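In what follows, subunit A forms one complex with subunit B and a second complex with subunit C.
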Partner chain A sequence: MNISIRKINAIFILRLQLILKNFSLLMAPLMAIGYVIAFKNFFPSNLLSLRALTLNMGIILNTTMGGIMFGSYPIAEEKEHHTLRVLMTSSVNATEYFIGSLLPSLLILTLVSIILVPLSGTSWRQVSIINYLVITIVCTIISILVGFTVGIFSHNQTSAGVLSLLPTVIFTFIPMFKGFNKTISAISDFLYSGVIAKFINQSLLKHRFTWSSSDVGVLIVWLIIFSVVLIYAYRYKRFD
Partner chain B sequence: MATAPIIEVKHLYKNFGDQTALKNLDFSIQNGEIFGFLGPSGAGKTTTIKILTGQLVANSGTATVLGNNSYYFKEDIYEHIGVVTHDSGLYESLSAYDNLRTFARIFNVDKMSIDSLLKRVNLYNDRKKLVKKFSQGMKQRLILARAILNRPQILFLDEPTNGIDPGTTQKIHQLILELKNFGTTVFLTTHNMNEAAKLCDRVALLNNGKIAEIGSPQALSLKYNKKIQYKILLKGNTVLKLTDSDETRQKINWWMENGELQTIHSCEPTLEDIFLEVTGRKLK
Partner chain C sequence: MNLIEFENVAKQIKNQRIFNNISLKINPKEKIGLKMSHIESATFFDLLEQNTLPSSGSIINHTHNISIKRYNDGIYQKMTVKSYLQFFNHIANQHVDIKRLAPQFSLGDNLTMKTTALTTDQIERLHLFRIALSQPDLVFIESPLRDLSNEGVKSYLKALEVVRQKSTVIVISSYMEELLQLSSTIYQCIDHQFEKIDLELDKDSTKPQNVFRLSSHLDDKTIFFSPNEIDFIESINGVSNFSVNSEYFPSPLTMEELEKKLIHFGFFRCHRSYLVNLQRISELISYSKNSYTLILKNSKETLPLSRAKLDQLKDLLQ
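Take a look at the complex of A and B:
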């Protein structure tokens, strides 16, 4: 299969234009920003545990809920408005479409992840920017892949919302509430979004995050799982 | 020497469950032709277009477009064909210009072509308007403009004027004829016999998934003109319908010599009449 950079660029610009005009899609990153600002102002404490909780919730909302929404809704919307078929009969192949759709979503969600750190009152001295970018980018990509799979099985935006619910609850809320229960905490360690929670907690509360083989393994395994799931979902369902 | 057909369909069958949508379709289309696929709803017109454009797989038989079997179509083929189906969508939150700009990027078409194309479909003044504010006719013209942006060798049009006002229909007809003059082959499905007679070089009459008749509208008209008749208007608004005979010809001569004859028309069957005769059912 040939991949054309020109066509990926065309889809990238198209998706960027559509995302920026779609307020309901922007709700997840805006909610993350609003949540972090509100929490910081309502609880103006220097307690690191509170700051870690605030930042964790903001980033997980953005990368996980945002990623799943950014992946699923546009495909569902294109199906609903019969534009996906037009793209496919205009010489764009599925790989070009997926890459062109992934990149603007990744760009916007990564920019929001970056600004969440200063907004939460956290200094970049406390968080390694390289590790932060690696973890948030990989987690956002996995979430978008989940969203793409949901989009493939959705007929319209309403069904995308319904089908997104379960993965959103699992990958967003389990790591968010890992501090409340040991079982939830144990499950969270096996989720890709759990690595974010672990990274923020260790960076702020223990002042140091070191990569463990389980963190790397969790991210790689989820990335492979959802890449394979997406490929099979597309082969099975295409864009019908 | 005859050139190879640009579209060739052989023994094409398509089933949806127990329903047979296409039964042994066989036809070919030459380069530069406007070929009409005429039939009522459910005859198999859209199914045929979807198979020809690689969106649907036939159960048996072959459909070859530009020398490529549609079953094995690769994306590149779509750089040479344009497709307009009744569910072709537009990006409604974007302007008309941005809709075309996206596809100009995909096809690597110079952005200067967008303005000239918008002028051709009479949408230049509305180019910055969001598509969601467009009327149905404007949307259909924009869809057509998008389909011809890459100057396709073949244009597939699935009922392009269905539900469109007469003014827009006329503009679309004009554009289709212009495309023919530029050498584009047009595969047009319609249930509008006037449209088919006006635009098509040849038509196939499709009924229940089978081609009932194929040929040029004029040839079909003459073939089924078994009872030659004339419709005559005489002075004093007398309208007569006379069957061809020596007596009728003498009468016509006499009326002409004496200045009695106002109008005279031959009464060949329309495509609708032919369809009714061949299939026993009406087009709509």
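Take a look at the complex of A and C:
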């Protein structure tokens, strides 16, 4: 399959424009920012555990909920307004469309993830920026792939909202509340978004995060799973 | 060389036959119109877009530069007309000067407008403009004039000529009037096969000939039908109704007036309340000694046949 950088670039610019004008789509990253600012101001404590909880929730909301929304809603919207068929019959192939749609979402969500750290009152000296970027970028990509799959099975934005509820709850809330229960904590360790919670907790509370083979494995396995699921979902459903 | 060739293409969906060995060759610069029902055109586009494979036969593309515009195709919202066109200009990599070309599509004043502010007429021309940017060899357009105003039709026809300078445009519609305005050769899908319609145009004459049409007034529009489009005419509560592709259209004429006008076009008064197009009759069924029913092609409708008319019909169908 031929991939044209020019077409990916054109779709990237179009998607970026449309995302920035879509307020309901921007709600997820704005909620993450608002949540971090509110928590920091309501509980102006220097307690590290509280700061870790705040940052955890902000980043997980942004990367998982935001990623799933950014992946699913635009596809559902295009189907609803019958614009996706126009694009796909204008010599754009599915790979170009997915890459061109993934990149602007990834850019916006990564920028928000970066500003969440100083907003939460955390110093970059406490968090390794390289590790932080690697984890948030990989997690955001996985969430967007989940969103694309949801978008393929959605007929419109309402059905995208309904279908994305289950993955959003699983990948957002389980890692968020891992501190409340041992079972939830154990499940969280096997979720890609659980790696974010583990990274923040270890960076802030233990002052050191070291990659374990299980962390790397969890991220790679989820990335492969959702890439394969997306490919099969597209082959089965296409953009009908 | 042909641009695309349909060779004995047959297609069945859920055991229902949609196409039965259709064959069609489309040459460059031909102005072909294809008259099809909704399900036939949906299947035709699915075959073109390779969303489905033919049950038998083959579609040979001699060009891969094909554009398709379906009836319900949408446009991106929350952007200007210019940025919408620029996007497709980048996709097509043609570097067309949008500002220079816009007046030819009657969109010169609309480039800075939001796409949401455009009228239906302008949106249809914007689609044409978008297609023109990719300069395809072959374009398939579905029912472009259906929702346009009279002024919109005029501007659309002008814009279509611009597209036709570089592309071959095929129009697909279920309305003959639309095809007559947009094409010079028309094929109608009858019995799941394409049949060329004789438009009876005298090429040597510069004066247009009279063409017999029946009209139906619906709201603020008048729809014209060629007699061969009508399956039968039924009188319901004293109003004559044309049945075209299972849809009913009221006529201002009485059954007697219609019978007089249509007798030369192969219509037969099979019952006090029915006039049937003889070409559409596929079966004559006798359920009892004095009860006869006519079954029509491609239709679930059955028409009663008066016993007194039976011999007359048999003579006509011989």
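Just so it is clear, the second predicted complex is superposed on the first by the 240 of 240 C-alpha atoms of A that agree within 3 Å, B and C clash if a C-alpha of one lies under 4 Å from a C-alpha of the other, contacts with A are read in each partner's own complex, and residues count from 1 in each chain.
Following the convention adopted for this analysis, a residue touches a chain if its C-beta (ideal position, glycine included) is under 8 Å from a C-beta of that chain, and two chains touch if they have at least 3 such contacts.
Bear in mind the structure is a predicted one, so any value in this text is a computation, not a measurement.
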item: Clash-or-fit label for the pair subunit B, subunit C on subunit A; value: clash
item: Which of subunit B and subunit C A:N93 touches, first, second, both or neither; value: first
item: Which of subunit B and subunit C A:T83 touches, first, second, both or neither; value: both
item: Subunit B versus subunit C as contact partner of A:L18, first or second or both or neither; value: both
item: Which superposed partner A:R238 touches (first subunit B, second subunit C, both, neither); value: second
item: Partner chain(s) touched by A:H207 [first = subunit B, second = subunit C, both, neither]; value: neither
item: Which superposed partner A:R6 touches (first subunit B, second subunit C, both, neither); value: both
item: Doubly contacted residues of subunit A, that is, touched by subunit B and again by subunit C; value: 6-7, 9-10, 13-14, 17-18, 21-22, 81-83, 85-86, 89-92
item: Subunit A to subunit B touching residues, read off their complex; value: 2, 6-7, 9-11, 13-14, 17-18, 21-22, 78, 81-83, 85-87, 89-93
item: In the complex, subunit A residues that touch subunit C; value: 6-7, 9-10, 13-14, 17-18, 21-22, 81-83, 85-86, 89-92, 238, 240
item: Footprint of subunit A on subunit B - complex, ascending; value: 53-55, 75-79, 81, 83, 85, 87-94, 98, 102-103, 105-108, 146, 150
item: Subunit A contact footprint on subunit C (complex, rising order); value: 49, 51, 67-70, 72-79, 83, 87-88, 90-93, 130, 134
